[in-house]
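In this document, chain identifiers A, B, C, D, E and F correspond to the written order of the chains, with residue numbering beginning at 1 in each.
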């Protein structure tokens, strides 16, 4: 019934490959089916102006999509001279999601910038980005601990994300592009390892949708994010 | 207990004043306490390139904030040469919210642009904007019907929005700036007159939050949006 | 004979409403007939780089127009990514006009930014902006004196502005949009309370015009600005 | 008494050299003392969108300054990514001044763009630009007449410009940079060959100034512009 | 003697992996040692304005570098709002190099855009990009031939590129980043399969260099490009 | 045989006129036939951020073209809001070429910016710019020596540039626009006074070209640059 023949509550095959960039303090190639997001976590000394002298660090994210990550080539944002509203919205979401599980004081006056670049897109790029970003950030902070750059582990919990939606009247987990384009409603959930809500973004695409539908999506998301958290632990060795 | 001494389930005084711009097809000054958003709905012949020849119209929104709408003066986006990510995120949300209750085919190949300009901000500008935007849009489409520009009413339902949050551990309705800056979690709800979900954006600001807290916020939002819909009907004469 | 049936030497109804923004150090809604300009004066510590360490302050202005301030919706400058030449020309004029009556040394190393946002336009927005800007500035500096931020009053005199033009061969005072679009010549005068010239900008729109016509416009302007100065004194309590 | 030892009513040595660009339809190097502006007039088929199908042409101007036209090097506007407010103000003034003496219908649906590039600046660049621009435009339109591109001469009259100012209390003609930087008031006059006013821009730089001073400046401008018109006729052979 | 212990005339390990993007008409991941460039070739109907109606196609290239492709994180060009001069220089070079071996008329009025995105950089990104770009273009045009979109093979020859340089006084082939940063001279050669020169860019980094040195670099380049052409044929199956 | 009837190995008439700007520390109007480039060298205290505190200076170049420098008017880069890729490529080339013959330590923490503005273009603007830029730089540094600003002469050698190309099958020196537009190959050579290579940029425009052709171009360039160096010495008095 789903274009991909998946059961409604099944994730696509997910892999979180680490060590994919030889320079970054942490890196991860997150694949959710055909969606592939290359994530690097980069340490930079210093913090943005609004935080200077406050004795805390910062975690921020940038997001981009290669022009031919999609079925038809999109325009290169660097050539157009600005990031789209969609890009900015997504990178703000990734940054907020990560900061929800980081003790910024433990970082000291340092910034970790997490770059999420979509090399191939088939729906769910922002949730794959968040899930992979946590892996890259976990690896980067562990490296900083090992190097003695920081003394306390700033990572308070895991964070992972998944999209769900109502497709042909049925709530389904982990929308691919074909489902996403035709969903009646879709929702992105960002939850911590402990199951707390970090962020929910739910949208009725063609119509409003009911609270019962929303709850079904939420239940699917809990299941999916549980599995993603397990994969994150496996990828980071703990 | 709330800085404003409101009960947790009380809206601020809300007014939806119409006819505040002599040129616009529809206009509304939406005030939620000290938050004031000036909304105009403008008819423009033609549609954006991606819709040309498809026999349907478009509704879009733009959002802005006067530099001294806030406690300390912010920089003017026109002078800076770009709209911030926050601005773009909000105007995209307003546009999606309105389109959820509009029959775009009934508009014909016309666009209605809804401008939401915050003249004074005290929290909740995006929800005030959506609530006022529906009023301006309702007035504009009625005018187009009366003028014979369109034959069928494109408005399918009402749409209104409110923010809720967890403040000092208590779920409260309609956050003002002081509450918003200190909330542990906040959520914006956009619902139709029939009570369907158009959009939910929930964020744990300082920590993740629980599903029970989320449900309490949702219940408050239902109450508040019911009251806003009544005010919308009063403002538009039915 | 004038579209508005006014006598050639009559201003439109002018109001200068103060206290219209709860955060600004000074504010004024200047209405010249249907033209409405919202003005705020904002204190900022520090001065632009070219003045640092010179022991003086600065007064500057920014100008904007809401997209539907006009008969047909204009494009939002923030969305276009730049301020038009017209916008920049006007805000430079407002800034120069205010600085002509301010003792910048008395301000100390502080800047007052005066934002003039046109919420509805019917001709004469720049002259309404200047006239209202002086009111906002007067209130802001008085507040700074009362708060003990500054010790000496930096305001040396009043400044106000009006447009005049040759319409259907007759010199008239305070052009509205319909007159402005059809005037053979128009001139903006900025004068001090003492009657000195701060700025004159006269343009032959359809043809050159004679020195005699120019003198007639100047005489009308003197009369109008005298009345505006009286209204400014009333609005600021002396 | 003037830094240049000129009498108050004397222009600097002015030359209007034609034929200085081998490609342009008309060109002129206007020198007012050390101020040198290179002007070209370029014919382009077609008109801007707002004039399409109206059976008339357009004359517009662009203005620029080479980075080292001034005592200290200024930043290159192309490298900064935008034209300054000053630049836009000046190019709008030049365009308006030229259009005041052109019959746009006689041009047909064609545009003439007049580029005014300051290669060396010593005060009065905008007035030298206007004076030279008329020469380039006169030559270009004569060329179009000779080539049979247009049938009717679109040039209705001459137009020329000069700056005057109050320097050390004395009204003087044609300010150089040193005078301009220290003038108490300065005014730019643009007049037609017949002596009509096209544009006046008068500014009190340090203080307001009196109507009597203004009149003295106007009289000086009349004298200077008369001489410039004679030089224009000599340069264009008629 | 070389930091990498390579003999002066040895390439780094080079791989040209094809089929790395499921949407693009042709794709290649070109690795020259640690330098990795992801290349996609995308067909777009239509040509740029300057070619419309001329019965020929166009091949163009865009180049980018992921922020953490380098040792220290670079700024994201999309976030900065413009492509650097270096980026533009490189993408122009790639486009010219490809067009030198393409019969644009055989393409018809179509454009192929080749995106070269550096995912990891260790010197020689532009030469790896050109070498991989030819592979992606070869695959894309073969696909268009197979699909019957075009009837004639537009590829006239191979094209590949390599950098050489004088390092510690010795001419060496295929500089890595450490060599590149310390080279006395470096040169990029772009040659066809037949050995013709498409482009040479030679630069004395620290000093001018002699014609004899230049000739030694050229000889090394011939050797290296011969090997690259063989790898290209292997990768594209012919 | 050449459109200009020149022998294949002849330069156009070249003049290097000095002292053409009264403010610049050094200036030169370089004319290669109808190509005219106005060059100024400007001293600025301080260096770019990446060099601060390193005890050395910097030499950089900016390049521009007046809109009507060409047969048909081009768009003004300042009005378009960015410099083209071509402009950036050229100004980077000029800067690198100059730095190859300058001892940056001898400059101290100072920057010399060389502005090259093309007032008329007929092919070879970048090579005329480099040749004239050395003259302006030579004059500026001599002035700084004479003024005692610097103690050691930072100029190590001359640098000059010329373009060559294969036109109608024949290698020719110093292409004009008509030749350049139709050349099968063209190459820009930048050599020092001692004959060392600073930069070579060779491009096959219509086809690849052979090493023999390249060598013929190189030989022509040596001859031409020898003559240009002589003219540079004459222009700078030594």
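In the analysis below, a residue touches a chain if its C-beta (ideal position, glycine included) is under 8 Å from a C-beta of that chain, and two chains touch if they have at least 3 such contacts.
Because the structure is a prediction, the values reported are computed rather than measured.
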Contacts common to subunit E and subunit F (chain labels): none
Shortest path length from subunit C to subunit E (each step joins two touching chains): 3
Rotation angle (°) superposing Cα atoms of subunit B on subunit E, nearest 5: 120
Proportion of interface numbers common to subunit C and subunit D (over half same, under half different): same
Rounded Å distance between subunit D and subunit F, as computed from the means of their C-alpha atoms: 33
Interchain centroid distance [CA atoms averaged], subunit A/subunit B, Å: 28
CA centroid of subunit A to CA centroid of subunit C, Å: 50
Set of subunit C residues in contact with two or more other chains: 81-82
Going from subunit D towards subunit F, every chain in order around the ring: D, F, E, A, B, C
Touch list for subunit A against partner subunit E, complex: 21-24, 27, 34, 38, 40, 42, 44, 62, 64, 66-73, 76-79, 81-83, 87, 113, 115, 117, 119-120
In the complex with subunit D, residue positions of subunit C that touch it: 82, 85-86, 88-89, 91-92, 96, 100, 157, 185, 187, 191-192, 194, 196-204, 207-211, 213-214, 218
